[in-house]
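My questions will all concern the structure given below.
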Amino acid sequence: MVRLAKYLIIAACAALSVYVLSIGPIDETPAENEVLISVWYPWAGEAGERLREAIGAFNQAGVIEPGTSNRIRVIALYARNDISTNQKLFIAIAGGSPPDVTFVDGPQVAEWAHRRALSDLTEMIRRAGIRQEDYYPPCWRQTVYRGRVYALTFCADPNFGLFWNKDAFRRAGLDPERPPRTIAELDALAERLTVRSGDFYDSIGLVPWGVYGSANSMYTWGWVFGGQFYDDRADRITCDDPHIVRALQWIKSYDRRYDKERIAALQSGFGSGERNPFILGKLAMHPTVISGLREIRRYAPGLQFGIAPLPYPDDEIWGTGEINSSWVGGWCLAIPTGSRHPEAAFEFVRWLCATDEGTEWVVRATGSFPGMRTCRYLRWLASDQGAAEDPARNKLLQILEACKHQRPVIPVQAYYLDQLRRAVDECLYKDVPASRALASARVNTQAALDRARAQARRRSTR
Amino acid sequence: MSARGSARQRFARSTLSHALLIAMSCLFLLPFAWLVGTSLKADDDVMEVPTDLKVLIPKGRFAPIDGRPQRVSVGQHPIDYPAKIIRWDEGPDQGQIALIRASEIADGKVKKWLDRPSGPEADMFPVTVVKDVLASADSRWWRVEQHPDALATGQQPLWDCVPDSNVAVRFWPRWRNYVDGLAKYSFARFYRTTTLITIAFVFLMVLSCSFTAYGFGILEWPGRNLVFFIMLCTMMLPGHVTLIPVFILFKHLGWINTFRPLVVPALFGSAFFVFLLRQFYLTIPRSLIDAARIDGCGELRIWWQLILPLSKPALMTVGLFSFLHAWNDFLGPLVYLTSEKKYTLSLGLAMFQGEYGTEYGMLMAMTVLTVVPILVLFFVAQKTFIQGVKLSGMKE
Amino acid sequence: MSFHYSLTEFDGTAKPVFVGVDKYRQLLADELFWLSLRNTAVYTVFAVPLGVLVALALALLLNMKLRGMSLYRAMFFVPSVVPVVAASVLWVWFLNPQYGIFNGLLRLVGVAGPGWLSSPAWTKPALVLMSLWSVGGTMVLYLASLQDVPEQLYEAAEIDGAGPWRKTIHITLPIISPVILFTVIMGLIGGFQYFTQAYVMTGGTGGAADAALFYCLYLFQKAFNFQDMGGASAMAWMLFVVILVITLLTFRVSRQFVHYEGK
């Protein structure tokens, strides 16, 4: 009896195994007069859900694949794809079975284009009547590699507006309506706003290296201090230019004031919604990304805060910097090489990034701005009515309009980011002098860049 | 040794052992208790600075608002200035609640508080004053989770001003974490998929590994140690570099987005398990096998009828570990499955970790659900371990 | 195939270009390469012996015939069963300097807990601690093999007057020595290939001041972030050689300690 049971179980397992092995790859077959395209999006949580709604809206709109009478239907798949987690996408492209549309982080476009992983969209863009002037210059620059366009900007984050907590100012006896204009003022205010009790900090004025990671902090303050990270005419990495060195030295000067490890604990509250230290009033000033507005509105509607352009250096110690400095971040949409329906895929990209309806969905999904400056939403926001109804966003829009920078458009962007991060960490944790840390970052990145250029030359001469 | 002395000795030893075991298990279970505790917490409770062990217990804060106890969260810094709770009658935030300084209201109108300094009259919107708040270091601006007029989720929650002294903390497990988590990404389907894949994988793995280990452990043939060694070496190569060539191979076979790349490798066994089984087989006395051979059994019969039953604990171990591997496998499904309908539990878990903040409560709840079947399996399999098939009879 | 890649300049999508042993030379000159190797070695040196000791101690403890033993066994095994990704997220939270319960407990006894993962000096101890938490798997292996030790041997030794310590050293350990060897080798191989936990807990970056930049993490970065498949393949083969050598050494050393009953 037991024997029989044993054999039955074994047989059942065998049958199950055969079943599992027999499941085929196709899950959805297109209906008649329908073409299916797959879109991979990189966000979980609420942003992801809103995006799915946007895709639903597109499917409802019944856009037709050009040259046929097929309706386009989009199937969405969540696949993380940030600078350090793009494995799934990369392998899919390398293996020849990519999605039809993918989100690409702005600075990654050049890198993926260099690897021939993205399709050249220049022709399709031209035929659709989309012009370069329709987009913010830094956004457009990110999507162009060697004269060809490889993506369309999905969203444009103005990085950064300096958010300051008016109540914290008031409590410290400062004028809540007067944000710091220069670095010297910023330093003075940070000093007043930092209150320590025993082992922990009650409140901190500013954490310069805590602006969304060490590398982004370096970019932010590097540009504020008037530096250039990349000379595109000479194709040289210039991260150890004296302005940037000074910026890193300035960042380091804050290190001497604080106990880093206590602050690191505080920083772990970022991205957690309710326990964001700025919202809790523990951090008085913080350059905040535009999606921070949503967090504030949701978790701290009583917070009295203001938004101002970043302060700039203007004295003998720190030199002169750039007034109203900012850089643009955000995502783009691209079509990987090997996509089976590039025309249909482009229709979706165009709808989301270059039409009024689509760009409104961008705002709804991310809370950020579309890259297309001429779209209906942005025109409304720039108007008096928009300014009245949404002054915070209006202010950030002004910052975006004045924005001149984007992260360097080079094929070794991820490596550069990592090198900058290392430079900042070495300076902060190992007391390596700023000039040396940045110099080694420059040398390493330049070597990587030269290798990439050599590779491209070899390919084109074959 | 008197009988009473040894009984007391045994008692003392057993108590000591129990105490030691309990202490160590508490230590080991602490993260797990944290996991379960967090899975029942609301998001605001998750982010709480722990000052004592009570942080393991899911809590809810309640305060009487409008005469009824409501759940509140996120108390911001004290309202030590005279303030008012208003509701917007018009404008983009119509119907929503806000807290303003009493000085900012003029003629029943309020400037939008996300302000640019001094604007024209058009900036002012009419509001209704819901409540007056006296300046008090005790009052805080709390978020109210349940309210009869609660707006749909995703929109701004309701807020109210409550004195700190009115806020009571009590035990409150948020079962909704489990319910919501299951519903959110149709987690039940992930369960089904993962179970199917895992059973198939374990079945094929156990069979093929014991077969291969037989070849290396029982049979004698020239060069077997060398080949075994080479097989061992394949384990030492980090998998990442073979990822692309292997993917391309599967692509040519048309196996992308099926379960075959996940299950078929089990047919080829795993160096890890073959090694394990070989070590076990090496402890089986030669004499037993020789006896069977003398009786005229072929190698296959020896394997099926003699070795397999003898090595039950080892096989169960292999089964258990391969179950774990298949159940928790992340990289394989990540790379080979491109349709959400086919996603497994580990991929489903990853969907709770967003770029804009992790939903800890739900993530932990789903993790608990992922772990429970494995626990059940262990309890069931443990009996076989304990009854332990010992090597039959032969004394060396 | 991947050995072929290690001799090329390959970014993963374009055709590889043969460059000979250039990649290997680049690696040997790369300070991060040596740092990652050092990190991995340090981690392995601590994690493997500690893991074996703890697992063995637990298995011996759990092998006694006490009431409720199956419950105890389950409790120690449970942690090793939690999916690696979830466990990593859990431990990041568990070791959070401000909100984590571990530091909270330390605070209770008056000790100011360190920064753990945000502190370069404490990152590796944190990871070793986490790996010790999951010794349940190894413990189960030892338990299974302990079942195979014949009772008669113990009884015979007791009659000869041997105490529990001597019984363990002279009977138990030799008999289960093949399994111990197995777990040591597995532990070494696993230690040198340590990746997932570090990856999840540092977000793929390598942690504060690269304290968590392990060999395989660096390899992964090279392959997928910096598009240097050639370099990554070279790293893989170098690791292979290292593991091979260490495994051979372990086998050689083990001859003195391991008994195969069957032979």
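Going in written order, the chains are labelled A, B and C, and every chain counts its residues from 1.
Following the convention adopted for this analysis, a contact is a pair of C-beta atoms (placed from the backbone, for glycine too) under 8 Å apart; a residue touches a chain by one contact, two chains touch by 3 or more.
Just so it is clear, the model here is predicted, and its values are computed rather than measured.
A.B. asks: Report the most central chain, judged by the distance from each chain's C-alpha mean to the global C-alpha mean.
C.D. replies: B
A.B. asks: Name the chain pair with more contacting C-beta pairs, choosing from A-C and B-C.
C.D. replies: Output for the comparison: B-C.
A.B. asks: What's the farthest chain from chain A if centres are computed as the mean of the Cα atoms?
C.D. replies: C
A.B. asks: How many angstrom lie between the CA centroids of chain A and chain B, rounded to a whole number?
C.D. replies: Those two chain centres are 29 Å apart.
A.B. asks: Provide the C-alpha centroid distance between chain A and chain C, rounded to the nearest whole angstrom.
C.D. replies: A distance of 35 Å separates the two centres.
A.B. asks: Averaging over Cα atoms per chain, report the distance between chain B and chain C in Å.
C.D. replies: 21
A.B. asks: Could you check chain B for residues that touch two or more other chains and list them?
C.D. replies: Touching at least two other chains: 47, 244, 350, 353, 358.
A.B. asks: In chain C, which residues are in touch with two or more of the other chains?
C.D. replies: Residue numbers touching two or more other chains: 12, 98-99.
A.B. asks: Give the residues of chain A that touch two or more other chains, as numbers and ranges in rising order.
C.D. replies: Chain A, residues with two or more chain partners: 87, 94, 269, 275.
A.B. asks: Please give the residue numbers of chain B that touch chain A in the complex, ascending.
C.D. replies: 43-44, 47, 73-74, 76-77, 79, 91-92, 96-99, 112-117, 119, 122-123, 141, 143, 154, 156-157, 159, 196-197, 199-200, 203-204, 243-244, 247-248, 250-251, 254-260, 263-264, 334-335, 338-342, 350-359
A.B. asks: Under the definition above, what is the set of chain A residues touching chain B in their complex?
C.D. replies: Going by the criterion above, the answer is residues 13-14, 16-17, 19-21, 23-28, 38, 42-48, 75, 77-78, 80, 82, 87-88, 91-92, 94-97, 99, 167, 177, 269, 271-275, 280-281, 291, 297-306, 384, 387-392, 394-395.
A.B. asks: Going by the contact rule set out above, which residues of chain C touch chain A in the complex?
C.D. replies: 9, 11-15, 17, 96-99, 112, 114-115, 118-120, 203-205, 208-210, 221, 224-227
A.B. asks: Flag every residue of chain B that touches chain C in the complex, lowest number first.
C.D. replies: Per the stated touch rule, the residues are 14, 17-18, 20-21, 24-25, 28-32, 34-35, 38, 47-53, 55-56, 232-233, 235-238, 240-242, 244-245, 272, 275-276, 279-286, 313-314, 316-317, 320-321, 324, 327-328, 330, 345-346, 349-350, 353, 358, 360, 363-364, 367, 370-371, 374-375, 378-379, 382-383, 385-386, 388, 390-391, 395-396.
A.B. asks: Help me check something: in the complex, which residues belonging to chain C touch chain B?
C.D. replies: 1-2, 5, 12, 58, 61-62, 64, 66, 70, 72-86, 89-91, 93-94, 98-101, 103-105, 107-108, 133, 137, 140-141, 143-145, 147-148, 150, 152, 178-179, 181-182, 185-186, 189, 192-193, 195-196, 216, 219-220, 223, 229, 232-233, 236-237, 239-240, 243-244, 247, 260-263
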